[in-house]
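Shared chain: chain A. Partners: chain B in the first complex, chain C in the second.
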Partner chain A sequence: MHHAYIDKFAYQDSAIHRLDSRVKFLVVLVFTAVVISLPRSSLSILACYAIGPFAVLVWAGIPLKFVFKQILLVSPFVIVLALSCPLYDRTPVAVSFGPFSWQSSLGWLRCFVILGKFIVTMLALIGLVSTTRFSDLLAGLQRLGLPRLLIIQLGFLYRYIFVLIDRAHHILRARAGRKLRNLGFKTELRTAASMLGSLFIRSIDTAEHISIAMQARGFDGSWRTLSKLKVRRCDLFFVLTAAVFMSGLYFFIKPILQ
Partner chain B sequence: MSKAIEIENFTYGYPDGTAALSDISLSVEHGQKLALIGPNGAGKSTLLLVMAGFAKGTGKVLVDGLEVNSRNLKKIRTILGCCLEDPDDQLFMPTLFDDVAFGPLNMGLEPEQVKTRVAEALATVGLAQMADKAPHHLSAGQKRAAAIATILAMSPRIITLDEPDGSLDPRNRDNLLNLLRSLPQTLIIATCNMNFAAALADRAVLLDKGRIIADGKAKKIMSDAELMTEHGLEVAQRKM
Partner chain C sequence: MHMANELLSIPVATGTLAIAAGSLGFICRKVRQVIAAEKLALMGILGAFVFAAQMVNFQLPAMPGTSGHMVGAVLLAIILGPHLAAIVISSVVIVQCLIFQDGGLLALGCNIINISLVPSYIGYFLYRTITNGRFSSLKVYIGAMLASVIAMEAGAILVAIQAAMSGVLAVPLSTFLITMIGVHFLVGFVEGLVTVTVLAYLQQLRPDIVADSLPGTVRLSKNAVLATLGILAVLTGAGLSLLASDLPDGLEWSYAERPDQPGFETVVSNRDSRITAVDDFQSKYSLMPDYSARASKLGDVPDRQADLGAGWTSFAGITGSAVTMAVIWLTAWMLRRKQAS
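Moving on, here comes the complex of A and B:
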């Protein structure tokens, strides 16, 4: 079965793809912190910040349709949160955009800022995940000092989530093949519980087999990998460009737009 | 010279009391290609786990002259490589390179040696260009070959394979067969596929209900129609 892997474009080749995963991760981390720290009063500066990740995505050849689909996929929670703002904060506020100005409420302003920040940070995050193989990202995080146990768990999660989804699909298909009428809520609930139980037991089986496979290859509790990461001149150039872009907007453009 | 595998009067039962293996005695010479045949639930997979030290029972099990016990396990696992039935269980790392390097790194080899071993193992199974691929991006045949590469990288003298031909199409099965034939190691293969076993093994051991029923030349055992039918198997027909 084929899944829409979150890093399905990470196997392409471009200058962005070839950058060191640690560099990309740190730049995205700082970028996210800067965007989140922006005041709620300026939407225009947010639009300027969006140029950075947008340029990276275009340069790396990531289809924008895929990017916006991913954003939509994770947006419901943030949309609910943002749309609740106008309900509890109706303080009137004057809004201006270029030559236009109109009256709105602080709640609506907050709503758009939350959505704007969400979209801009998601663009950066998708830019990172779509141009970095998950294995490289894990290796990078390990080199940056993240706890080894967390890295192992993330690695297993990424490796086996698709196997688990496949199994769940098989079980659902088997149920659909034999479910010829509406069974009623109670029976459906009982069936769902049995299916979950079966999935759980199979997951335990898989875990036992993986444990055997690891021990058979000499695993003694210490996780050993060969890291191929290397910071090169182009990585430093990327960091410099990102720093100039972020600080330029923050210190020079933001005061003008406010 | 010690034998590859020596098992004497070995008995093993599951925790619920079901007897999985009863009074098994078996010896395998180095370089032999042995097929463990038998119907489902005969105890083939359990016997492979016993050889690798994953199931403890009563009796004696020696691997290359070393008794299978907790003291010798580390050494035994560099001598005997065990390949599980489902390649998805065998391939647990984010990339194929990392998966094949996992064993050699645990053996304490230097990074350069590890890289050489990985490259050689992947070249042997025909996946030299796939090192950076994630295991879930491989086909069933490639996953099976990759699982074998994870074992070959450790250069074991003995390899056990559990149903290696399972869910493979004829072309991939033939490729696997050619690969296994080319390996100089002692091979112990558990399978229900008589054609596959007959094409590969020089010796066959028939297991049923946890007991050894027959032990001898592969072709002779697998062409005995009465014996095969009695134990829920079929006579090997296709020449592979």
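Moving on, here comes the complex of A and C:
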């Protein structure tokens, strides 16, 4: 398999990786909410908020190149919407930054604030996902009250994504080997559809085999995990630091920067 | 059309999260009563199938260089029934958010509603109503096509409405709505074509799957769907009409002061000091401060001194943050080098 790279950093080890998954999840959720609720006119406070997830990522040893590549990969929709702001909102604004000051429009300001918020919240999300194994995250989410059926569904899904993507790659390579030119839309569509159809049938057959194997081993629909979740002292310390960081910036730095 | 955090306000995000969580919980409870343990593997693997299916791309006509791929919600809804499809696609959306970082954490509620819940129920309902009765390929064609296009459009319209309700858009709602509907009509059309051809292929190879006999599927009553659709339509209509009027609503007019009529007396006013204090506190520390650009709106007559001061504080904020991050990075780098040596 060539694509297990997406969450490979979750299997490293660091103080951040060892934190309880529930704690990390809730902190990231609150952090995202706080960042989203910041006023839409100030860029500099966003830069201050970026320090938090940045520190976590660096501490956990996640390469920054990977992080920014990942952000770039998911950004098209947001970039299009952000860039549409300057087209529609042309209220002139005098912007000053340090020794420089120039005329701009409110639209550009909004555009940069939207992009800034996107980057900061993405940093936090990547900080969560690339320091927490998915199975730990699921166990934590189950404790937080997600329905068990959904947890089992997510577990199965995660287990088989990469298997089926691999299978799709095989089919794609076979097509690439046989199809040397554009065949016209009708044939292209029919080929793609039979590829999808056979993938679908094979998935259903695989599911049947797996469920027979699991029933043979006594699976009755309940999910048992070995991981023990426990909130330790370092988890509390993390929560405290995060709370001080977020509320400090919110109540003391934000009024100054506005 | 994954919604991002930045396009939502906190009330819309929490509201949609609550709706999505509530309905998912309800569906899970309902399905749990019916489904056998061996179907759990099937659902999980069909979720993974959605990811794999999105890798199978094909060239689109008239637009060289572009390629389309399948989304799969309607196909799953047709084959699994709406409840199971809703759970499967929701889990796909959650994994897209948590592993591929597509769509934000706060926007998860919106994404589950727009991409999973609404399309699977609408798609299923349309397909089943049209293909009711004896199997005919024309009926399957029309049913799957309509189901794909309309399910896709419904999700796209919801995206526009949620963004507009959050007040983030600089683009006028109508422009945004028309763009979304146009783009998603094309996407839905291609999706419909693929769904139809896949269904035709499956009909040839495994007619048992298409003929709604895959064991463990859960069907739902027509009345329930009709009622839900009715409520949804009313809600959407109400939301749209609220948004369509740029004027503040009646209540706001009655207690706000009217700058255009100096003689206007405010109907509701409360001079109680405690209330003013609470108002002050709220406007100072509220999680949803009104968008204000007071300083910048006065751009034509800038107060030079105050303006320069603001420029320097923001300069300090940004450079300070950058320096802090650089220090953090350098420290980590040095620590790691020390460990390595």
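The rule we apply is simple: the second predicted complex is superposed on the first by the 245 of 258 C-alpha atoms of A that agree within 3 Å, B and C clash if a C-alpha of one lies under 4 Å from a C-alpha of the other, contacts with A are read in each partner's own complex, and residues count from 1 in each chain.
One rule holds for everything that comes next: a contact is a pair of C-beta atoms (placed from the backbone, for glycine too) under 8 Å apart; a residue touches a chain by one contact, two chains touch by 3 or more.
Remember, it's a predicted structure, so these values are computed and weren't measured experimentally.
Student: First (chain B), second (chain C), both or neither: which does A:Arg224 touch?
Tutor: first
Student: Output check: A:Phe134 vs chain B and chain C. Expected answer is one of first, second, both, neither. What do you get?
Tutor: Both chain B and chain C are touched by A:Phe134.
Student: Which holds for A:Arg167: it touches chain B only (first), chain C only (second), both, or neither?
Tutor: Only chain C; A:Arg167 stays clear of chain B.
Student: Tell me which of chain B and chain C touches more residues of chain A.
Tutor: Partner with more touched residues of chain A: C.
Student: Just checking: does A:Gln215 make contact with chain B only, chain C only, both, or neither of them? Give me first, second, both or neither.
Tutor: A:Gln215 contacts both chain B and chain C.
Student: Of the two partner chains, chain B (first) and chain C (second), which one does A:Gly155 touch, if any: first, second, both, or neither?
Tutor: both
Student: Name the contact category of A:Ala50: first (chain B only), second (chain C only), both, or neither.
Tutor: second
Student: In the overlaid three-chain picture, which partner chain does A:Leu81 touch, first (chain B) or second (chain C), both, or neither?
Tutor: In the superposed model, A:Leu81 contacts chain C only, not chain B.
Student: For A:Glu188, is the partner it touches chain B (first), chain C (second), both, or none of the two (neither)?
Tutor: second
Student: Does chain B (first) or chain C (second) touch A:Ser203, or do both, or does neither?
Tutor: Second partner only.
Student: Of all the chain A residues, which ones make contact with chain B and with chain C?
Tutor: Residues common to the chain A contacts of chain C and of chain B are 134, 155-156, 158-160, 163, 206, 210, 212, 214-215, 219-220, listed in rising order.
Student: Would you mind writing out the residues of chain A in touch with chain B in their complex?
Tutor: Touching chain B from chain A are residues 5, 133-135, 138, 155-156, 158-160, 162-163, 206, 209-210, 212-220, 222, 224-226.
Student: Please output the residues of chain C touching chain A within their complex, sorted ascending.
Tutor: So the residues of chain C in touch with chain A come to 1-2, 4-10, 13, 24-25, 28-29, 31-32, 35-49, 51-53, 55-61, 70, 75, 87-88, 90-92, 94-95, 97-106, 163, 168-172, 193-194, 197-198, 200-202, 205-206, 209, 214, 284-285, 287-289, 291-293, 296-297, 299-300, 302, 307-308, 310-322, 324-325, 328-329, 332, 336.
Student: For the complex, which residues does chain A have touching chain C?
Tutor: Its residues touching chain C are 6-7, 28-29, 32-37, 39-45, 47-48, 50-51, 54-55, 58-59, 61, 64, 70-71, 73-74, 77-78, 81, 84-85, 87-89, 91-101, 103, 106-107, 109-110, 114, 117-118, 121-122, 125-126, 129, 134, 137, 147-150, 152-161, 163-165, 167-169, 171-172, 182, 184-185, 188-201, 203-204, 206-208, 210-212, 214-215, 219-221, 250-251, 253, 255-257.
Student: Which of the residues in chain B end up touching chain A in this complex?
Tutor: Counting only chain B, the residues touching chain A are 49, 52, 54, 74, 77-78, 81-82, 84, 86, 88-95, 97-98, 101-103, 105-107, 111, 114-115, 132, 134-136, 150-151, 154.
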